[in-house]
Amino acid sequence: MSAAEAAVKLVTPTPEKEIERVKEWINTEEYKEKNFARTALVINPAHACQPLGAQMVATSFEGSLPFVHGSQGCASYFRSTFSRHYREPAAATCDAMTEDGAVFGGQNNLFEGLENAYALYKPKMMPVYTTCMPEVIGDDLTAFIKNAKQKGHVPEELPIPYANTPSFNGTHIHGYDAMLKSILEDLTRDQGVEGKCTGKLNIIPGFDGNVGNLREYKRICDLMEIPYTMLADASDIFDSGCDGEYKLYAGGTKLEDAAESINGKATISLQKFSTVNTMKFIETEYTGEKAVLPMPFGVRKTDAFILKLAELFDKPVPEELKKERALAVDAMTDAHQYLHGKKFAVFGDPDYVVGIISFLLEMGARPYHVLVSRATKKVKKELESLLESSTFGEGCTVYINKDLWHMRSLLVTDPVDGMIGDTHGKWAARDAGIPLFRVGFPIIDRVNLHRSPVVGYTGAINLLTMIANKFLDIKDETCEDQWFEMMR
Amino acid sequence: MAERKPIKGITKERTEKLIADTLAEMPEKAAKKRAPHLGANEPTSAKCAVKSNKKVVPGVMSQRGCAYAGAKGVVWGPIRDMVHVSHGPVGCGVYSWGTRRNLMQGIPGVTSFPMDFTSDFQERDIVYGGDPKLEKLLDEANELFPLAKGFSVLSECPVGLIGDDINAVTKKKEKEFDKLVVPCNCEGFRGVSQSLGHHISNDSIRDFIIGKFEFAEEPGPYDVALIGDYNIGGDVWAAKPILEEIGLNVKSVWTGDGEVEKIAATHTVKLNLIHCYRSMNYMCKVMEEKYGIPWLEYNFFGPTKIEESLRAIGELFDDKIRKNVEKVIKKYRKEMDEVIAEYKPRLDGKTAMLFVGGLRPRHTVGAYEDLGILITGAGYEFAHQDDYDRTQPEMAKDTLIYDDVSEFELEKFVEELKPDLVGSGIKEKYVFQKAGIPFRQMHSWDYSGPYHGYEGFKVFARDIDMAINSPTWGLVESPF
Amino acid sequence: MSAAEAAVKLVTPTPEKEIERVKEWINTEEYKEKNFARTALVINPAHACQPLGAQMVATSFEGSLPFVHGSQGCASYFRSTFSRHYREPAAATCDAMTEDGAVFGGQNNLFEGLENAYALYKPKMMPVYTTCMPEVIGDDLTAFIKNAKQKGHVPEELPIPYANTPSFNGTHIHGYDAMLKSILEDLTRDQGVEGKCTGKLNIIPGFDGNVGNLREYKRICDLMEIPYTMLADASDIFDSGCDGEYKLYAGGTKLEDAAESINGKATISLQKFSTVNTMKFIETEYTGEKAVLPMPFGVRKTDAFILKLAELFDKPVPEELKKERALAVDAMTDAHQYLHGKKFAVFGDPDYVVGIISFLLEMGARPYHVLVSRATKKVKKELESLLESSTFGEGCTVYINKDLWHMRSLLVTDPVDGMIGDTHGKWAARDAGIPLFRVGFPIIDRVNLHRSPVVGYTGAINLLTMIANKFLDIKDETCEDQWFEMMR
Amino acid sequence: MAERKPIKGITKERTEKLIADTLAEMPEKAAKKRAPHLGANEPTSAKCAVKSNKKVVPGVMSQRGCAYAGAKGVVWGPIRDMVHVSHGPVGCGVYSWGTRRNLMQGIPGVTSFPMDFTSDFQERDIVYGGDPKLEKLLDEANELFPLAKGFSVLSECPVGLIGDDINAVTKKKEKEFDKLVVPCNCEGFRGVSQSLGHHISNDSIRDFIIGKFEFAEEPGPYDVALIGDYNIGGDVWAAKPILEEIGLNVKSVWTGDGEVEKIAATHTVKLNLIHCYRSMNYMCKVMEEKYGIPWLEYNFFGPTKIEESLRAIGELFDDKIRKNVEKVIKKYRKEMDEVIAEYKPRLDGKTAMLFVGGLRPRHTVGAYEDLGILITGAGYEFAHQDDYDRTQPEMAKDTLIYDDVSEFELEKFVEELKPDLVGSGIKEKYVFQKAGIPFRQMHSWDYSGPYHGYEGFKVFARDIDMAINSPTWGLVESPF
C-alpha cells in the first residue's frame, strides 16, 4: 500500500512569507505567461456540456419531457443548473444507466425508463439525448427507440426524437443545435406540403437563458403584426407564475405549430453559432426564406432585425417601435459619458459575445478582453472583424479556447473597468476588484436578471442602466467626502 | 429517548392508503420495485421495513446524483488545500463548481482552491486515452499552484469505460512531486447513488492518505477528529468551537474546510466524532480496526440534540470535560430559550416533510421539535438500512417514510399531507413553491447557514420562521 | 462699519481633538435629542415648493406652455430641477418681475410676458402660477388675465388658467393640486352636458416623477380595453425620443380630451394627498363615479386598482394581467428571503410613502423609520394605521414635519439596512453606511430610473430586483474570502 | 495677442441676416428690446456694441437666474466652514442644494456644510415677520454645528417685501456668538440677473467680513489670494498647486473650498489673482482702494492661456518667480503636447457655440483653440459691458455675439450655424441633444472636471472629444 512506501511526514503549515510571495506572483506577467502556456489543464471553464443545451430544447415544447439516456447524475446536474438559474422547476427524467449498462448497453434501461416516464408524466413528446456513457459504449438509439415502440413500451405515435450529445465534444450550444434539429426533423417529417404556406414566421432564439429576450422577440413580432412560431420557446416554462398550482408542462412551442413550421413563410435564427446544423436542415427542408441574424443587442442590430422582419413580411415599421428606438437612442446619448472609453472584459457563448461587443461599441466603450471558452477560428475571425469595425475596438483582443483562469491573469495584468458575463466570472472580477455585469447563463447569485431582456431597444436601455448606475454606485461608495456629490 | 407522541391525523391506515393510491398510478413493474421503499413508520421495530440503497427505477424522475457527485461534491471538494481534478469531460466539474456551499478559509488560487479543475476531455482523449493528458495537467497544476498540498483525480464516466489507468499516473506523479496525488475511481455510472462515491472516496483516503502524516506536536488525551461535517454555510465554524469550549482538541476536520495533511494524521487522535454517519462511517470503522480509535455519532442540530450529544461525548472523557460540558450547556441554554421564545409561538404545531441526502432528515427532527414543528414524513436520497434504522425512533408512529422518492410520489404525498413546510433540494424547491408551499433547501441551507451548533440554531430558527411565515405566501391566491 | 467695531482676530484652525469630538457627538442619542428639539431651523428638507408641482401639471397638456408669474430665478430653478431628473428639456417661461414689480405690481410684466410667449412659442394654453413675490404683494391674477385678453395681448379664446401657489404654504404636491384643479375648471367650463357620457375613464396619476408609472397605468387600461384620458400626462413630455428634432410640445393630455373629461364614465385619482382639491372639484362637477385609490405599489394595491377598473367598467380581468400577477408573486416568493426582516428608512411624498410601505410589508420587510417632511396629522394617522395592519410594521415609527437631518440622527442611532427615497437622501445614507434605493423625485445622480415603473405588478418586480440584488452586491463586495460564494 | 483668423463661412452679412431673421419673428416691442443684445463681432473696436445687463424681456424664456442664485449659489455656497441659511420659503434652498458642484473639503456637518439650511417660511412668518424665527434658528444652528466658523443669512424674495430687518438680527447674534454672522439682502427680485447677487454679496463681505481676521504667520512677499475660482468639479485643486509651484503663497481662495477666516484676512496679501472677473471684480477694486492691493486677471483654461497667465503673473514678481514660471511651463509643456496630439486630430476644424454665465465663453476660447476647435458664437447669461469688451478680441471677426439669449433665439442661431458642439447649461442641454447636437454643460462641467489648470485641460480635452465623437450620435438617424 502506497502509504507504507512513503516515510511518514510532519504536518507543516506553509510559511506566511511563501504565501505572500505566491499571492503576488499569481498577479504577475510571468505567471500569466505560464498560465497561458497550459495545454492540458482547464481551470474555471466558461462552458458546459452538450446535453445541458439539449435539455433546454427538449423542455421547450408543449407537453415535452426531456429524457436523459445515461447516468442519472447527469440529469440531476442539468436540472439543478436550470433551477438555480431560473429559480423555476426543471423537469427531466433519465434511464439511470449503471455498471451493467456499461457492459450490456442501455437498451433495457431505455425501455423501462420510457415506459415509466410515459405512464407517470403523460408527455406528448419525449426527446432523448445522451450523456458520455452511452456515447462511449456506442448505444444505437435509432434501433433502441424503434424497438421500444415495437415492444409497446411507448405508443408508436409518441414522438421520441433523439440527439447524440457527447460531452467530450463541443459545448452546450452544440447540444442545443443537435436536439433542436432532431426534434424538428421528427415533428416535420412528411408535413411539408408543396405550395402550402402558413404565412407564419419561424423564429429560433437559440440557447438563451434570458426569457425576457424570448418575450421581447415575440412582442416585436406582435407589434409588427407578424404571425410567428417560436421554435423551442422556453419562456413560459422557465418563467411561470406562482398561482398555487404546479404545472409540469407550463408552456412551450405547440407540437402542431412545430410540425407546420416546415410550411412557414420565413425562418429566422437569432443565434448563428448555436443553430448551425438546425439551419442547414431548415435550409434544405423548409419552404420560405431563411435568415440567420445576430442577436439584436444594441440599436443597430435591433434595426437590422426589424428591417428584416419588415422586408420578409412586407410590413411597415410601426410607430411604437420607432418611438422605442428614439427612446433608446435618447437614453444612450444622455448617458454616453458614463460608458465612453471604459474598458470591459467580455466572456460567454459566441452569439452573446457578438451582441455584447456591438452594444459596447455603440456606446463608445471598449471590449478590451474578449474570451470565448470553446470556439473555432471562425468565431475568432468574426469577433475580430467586429472589433475592427469601430475605432473603439482598437487594441482589443479576442481569446478563444481559454478559460476564466486565463481571464483572471488578463484582468490583473491589464486591468479593465468592468466585466460582462455569467456568474462564473465573479471570482475573477473579485480578484481584479471590478464589477461583474451578469449577462448570460447561468446567473445563480442574483434574482430576476433572466427576466429583464438585454436584446431589442428595451434591452439596450436595460444594459445601459445596469452598467452606468453600477459605475455611479461605485463612485459614490468609494469616493472621499470631498468628491461626494448630489449630482452625477 | 422516549417514543414520539402520535401526530394528530396521522394513522397507519391513512399512510398506507396514500402509498397504495400512489403506487396504483404506476406501471406494475415500477410499482413493484418502488413498494418496498415506502412505508409507515414503526418507531419500535428492531429493523426499519423500508428498503434502500437500490437502483433508481428508470424514468421515475429520481432526485439522486452519481458516485462522482458523492466523491467530488461531498468528500473531496471541501478539502481546501488540494487541487481536485474532475477528470473527463467538462460538464461534471462545471455543474459541481461552487454549488454545494462547502465554505473554506485560505486565499483562493494560492492556499485554497474553490475552483473547477478539469481535463475537459475531447474526442481524441476518448480515442487515445486520457492518461497522457492527466500527466501533463498535473504538471501544469503543480507549477501554477505550488502551495497546493496535494492533488485528487476524480474520474468521470468515460475514464472507467476506456480503460485508463489513473492510478499508475497518480502514483508516478506522487513520487515526482513528493506531494499527495490521489486517484479516485468514482465514475458516475458506479453504484446506485452518491453513496458509492462516498465509499470509494473513503477507500482512497484509506489507501492513499491516512497515516502518511503525523502532527508535529505531541498527542494529547483530548485529541479528537471531527468527521462528516462539510462546513455547509459555515457549519464547522459553528460546531468546532463548541467542542473546543468543552476542552477537546479538534486536530482535523473531515472534510469541511479541511486540510489534507491533518486528515492524513488523524490516525493519532483519541476519538472520532462523526456527524454525517452515512458518508464517513467507513473511515471511522477503518480507523477503529486499524488504529483502535473509538468513534461516536453526535448531532449538533438544535439545543436538545446538542445537549444530548455533548453529554454523551463527556461520558467518553474525564470529569474535567464533563464539567465543561455542563458549563457550556448552562451558558447557552438561556440564549437558546430566548430563540425558542421568539420563534416557537409562531411555529408551534406546524408540520414539515423532509427529503434530503443520507443524514439530515433524522438529524434535524430534534431542531424542528425544539421549535414545535412536527415531522410528518421523511426520507433519503441515498441512505442505507442503518440510516433508516436510526430514523424510525426519531419519527412519530405511522408517519410516512420514503426512500429515493420520485418527484411523482413526493408530489402526491405532499398534496395529501399538506405540510406547512417542505425541506428538500433545489430540484424540488420550486415545484412546491409554485403550489404555494413554504420550502427550504436542506442540502445547501438555501444560501443561508450555518445550521450546526448553537450559532446555527439561531439561523435555523430564523430561516424556518421566515419560510413558513413570509407574507408573500398570502399573495399566492388571486382575487381574480 | 461693523468690521471696525470688532477687534481683529487671528485665523485659527479648529483643533483635531475638537473635530473628532464633534464628529462622534453628532452620532449620539444626546445630539439626536437636540436635533429633534429644533423648532425654527430646517436642514435638508425632503420637499420643494408649490410652483414646482404646478409646473409639472402645466407642462402636461398638449401644446401647453407653463408660465411663471414672479421672479425669473424661480422659473430657472424649476426648469433645471426637471431637466436634471428626467434628463429632458423642461420648457417654461416667466414674466420676470423685479423691484418695480414689487412696487407697482406685476400686471405689466404679465401683459408683456404673455404677449411675447404667445408670439414666440405659439402655445395652445398658458397656465399661470405664482412665486412668492406676487403672492406677498397680492397681485390679482383674475383681473390681470382678464385685462390681458381685453387689451389683446393674447387671444380671448386662449386658455390661461391660473393657480396661486405661494411657496410659504404646503409643498410641491399642493401646487400640483391647485394647478390641476384650475386647468380642469378652465377647460371643462360649460362643457358638461346633462346625460352625456364619453364612456371614458379619467385617470389622474398625481405628482409622479416616474413616467414609467404613467405608462404602466395606461398599459393596464389598454389591456383591460378601457378607454381613458390621463389628466396631466407628462409621460411623452418628460420621456421623449431622440430622433434629431427637438419638439417644444412633445405630447401631453389633449385639451379636447381634458374638456370632455367632465362627461367621463368615471374618474380615478391614484394619489390621494396630491389631488385633494382637484377631486373635491371633480366630485361636484364631473359626471360618473369617482374613486381615490392609493398608488398601486405591490401586489395587493395593484389588485385593488385592477378590481376597481373591472368594477367601474364591468370588464373581466384579462389573462395577461392574471399572468403578470402570478409572475410578480413568483418573483416575490422566490426572493422573499433577501428582504424578509430587513429594516428600511423610507421618506418622500405621502402617496409614495404609503405605496413603498405597502410593498415592504408584503415582502416581510420592516418600514422602520418613515418620514414625511411636510404633512398633516391625517397623513401620520394613515401611515400609522398602515403599519399597524401588519406584524412587520410593529416597532416602526412615523415622523412628520421632520427633515433629512433628523433622518440622519435616526439612522446613526437606530440603524437600518437600507433607505428608500429620492437623491436627497444620499448624504444621510452615506453617513449611515447603507444603500439608498432611489424611488421618488428628484433622482439626479442615476440614469433611467424614472423610466422604470415602481407601480403595478411590473413595478413590484422592479423594486424587488433593485433591492435584493443590491443587498447581494454588498454581500459579495464586503464579505471575506471564506464567505464569498458562487450562489446567493 | 494677434487677431483671430476669420472663420470660413462666417461673414458680417450672414451673421446680421441671421439676427434680423430671428428678430423678425418676434413682436415688435420685444424685437426692439432684444436687438441691441445681438451682434456680429468686431474684434478691434474699442467697445463691444452688444448691450448687456438689462432686464429680461418677459415671456421670451431667458436662461437667467436671480440675485439669490448669484449670492447663495455662486459666492457664499462654496465657503465650506460657514452655515449658509436660505432665509425664506423652502424652495430656493432645495433647488440650489448640491446643484452647482462647488466641491469642498472637511467633514460634512462637522467642519463643512454642503447642506441646505432654511427657515422654511410658512404663512405666519409672512404675516408676523420672519425675524424671530431667524433669531431662533441661528441659535439652533450654532448649537448643532459648534465648529461652524460663521453664518450667512441669504434673504429670499418675501423677506425684502415684508420689511424684515435681518441686519439687526445678525448683528445681535454676531455679538452673542462671537462668530461671524453675515446678512445678505439678495432677494431674487433685485436686479436683472444673478449678477446683482454677486455684487450684493461682495458688499456684504466688504462690510461684514474683510479685515476682521489676520493670519497668525507674518505676511510674506509672495502672499496672494485666489479670487473667483469656485472649485467647480475641483478646479481650485487643479489651479492652486500651479501657483504654489511657481513659488507663490496662496493665503485664501474666494470662495471655492473657501475658509471664511482666511477670506476675512485677505486684506494682508500682496496680490489678488482673479479668475472670474464678473462675479468678484468688485472686491478686487475695494481691496485695491482700501488696502492698496493690486489685482490681475488670469486664465487657466488650456495650456496657451495658462502659459500667458503664468508669465503675466511672473512679471509682477521677482526673477525667482519668473524662473519658476519658465520651469513650470517647460515641465508641463510635454504633457500638454501629448494631450493635444491625442485629441486634436479628432477635433481639428470643428466648431462650437457657447453660452454661459459671465466669464467662461471668453475664457475657454483658448482651450478650444488648443484642440483646434473654432468658436462661431458666444454670449453670456449675466455679463456686463466690460465682459463683452474683453470678449470681442478673443473671438473671430463677425462671429455671433448674443447677450441673455432666449431659448427661441439660440435655437435659431444653432440651427443656422450648425456647430459640432454647444456648450451651455442644463436647461439648454437636452434641447440640443434632441436635435442630435453634441453638448456639454459648461456651468457644472457636466458632472466632470476639473477643467482649470494643466490637470483640468486633460479632462477638458477628453470630455470635449467624448461629446463630439461619441458614436451614439451616429444612432440618432433612424433607418425607418
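First chain written, first letter: the chains are A, B, C and D, and each begins at residue 1.
By definition in this document, a residue touches a chain if its C-beta (ideal position, glycine included) is under 8 Å from a C-beta of that chain, and two chains touch if they have at least 3 such contacts.
Everything numeric in this text was worked out from a predicted model, so none of it was measured.
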{"item": "Shared interface partners, meaning chains that touch chain A and chain B", "value": "C"}
{"item": "Number of steps on the shortest touching-chain route linking chain B and chain D", "value": "2"}
{"item": "Identity of the chain that, by mean CA position, is farthest from chain A", "value": "D"}
{"item": "Contact-richer chain pair (by C-beta pairs counted) among B-C and C-D", "value": "C-D"}
{"item": "Whole-Å separation of chain centres (CA-atom averages), chain A against chain C", "value": "41"}
{"item": "Gap in Å, rounded to a whole number, between the CA centres of chain D and chain A", "value": "53"}
{"item": "Distance from the mean Cα position of chain D to that of chain C, given in whole angstrom", "value": "31"}
{"item": "Of all residues in chain A, the ones touching two or more other chains", "value": "84, 87, 240, 242-243, 322, 325-326, 329-330, 333-334, 424, 427, 444, 484-488"}
{"item": "Chain B, residues touching no fewer than two other chains", "value": "97, 99, 107-108, 430, 433-434, 436, 476, 478"}
{"item": "Chain contact topology (line, ring, star, complete or other)", "value": "other"}
{"item": "Touching residues on chain A, where the partner in the complex is chain D", "value": "299-300, 303, 306-307, 310, 317, 322, 325-326, 329-330, 332-334, 336-337, 340-341, 361-364, 390, 392, 481-488"}
{"item": "In the complex, chain D residues that touch chain A", "value": "97-99, 101, 103-108, 112, 234, 257, 430, 433-434, 444, 446-448, 462-463, 466-467, 469-473, 475-476, 478-480"}
{"item": "Contacting residues of chain B [partner chain A, same complex]", "value": "25-27, 29-30, 55-69, 85, 88-97, 99, 107-111, 114-123, 125-126, 133-134, 136-137, 140-141, 143-144, 146-147, 156-158, 160-162, 171, 174, 188-192, 194, 207-216, 259, 261-262, 264-265, 406-408, 411, 425-427, 429-436, 476-478"}
{"item": "Touching residues (chain side chain C, partner chain D) in the complex", "value": "1-3, 6, 8-12, 14, 18-19, 22-23, 26, 31, 34-35, 38-45, 47-49, 51-52, 67, 70-74, 76-81, 83-84, 87-99, 101-102, 109-110, 112-121, 131-133, 136-137, 166-169, 171, 240, 242-247, 405, 408, 424, 427, 431, 444"}
{"item": "Residues on chain A engaged by chain C in the complex (per definition of touch)", "value": "84, 87, 239-243, 322-323, 325-327, 329-331, 333-335, 338, 423-424, 426-427, 430, 444-449, 451-452, 461, 464-465, 468-469, 472-473, 476, 484-488"}
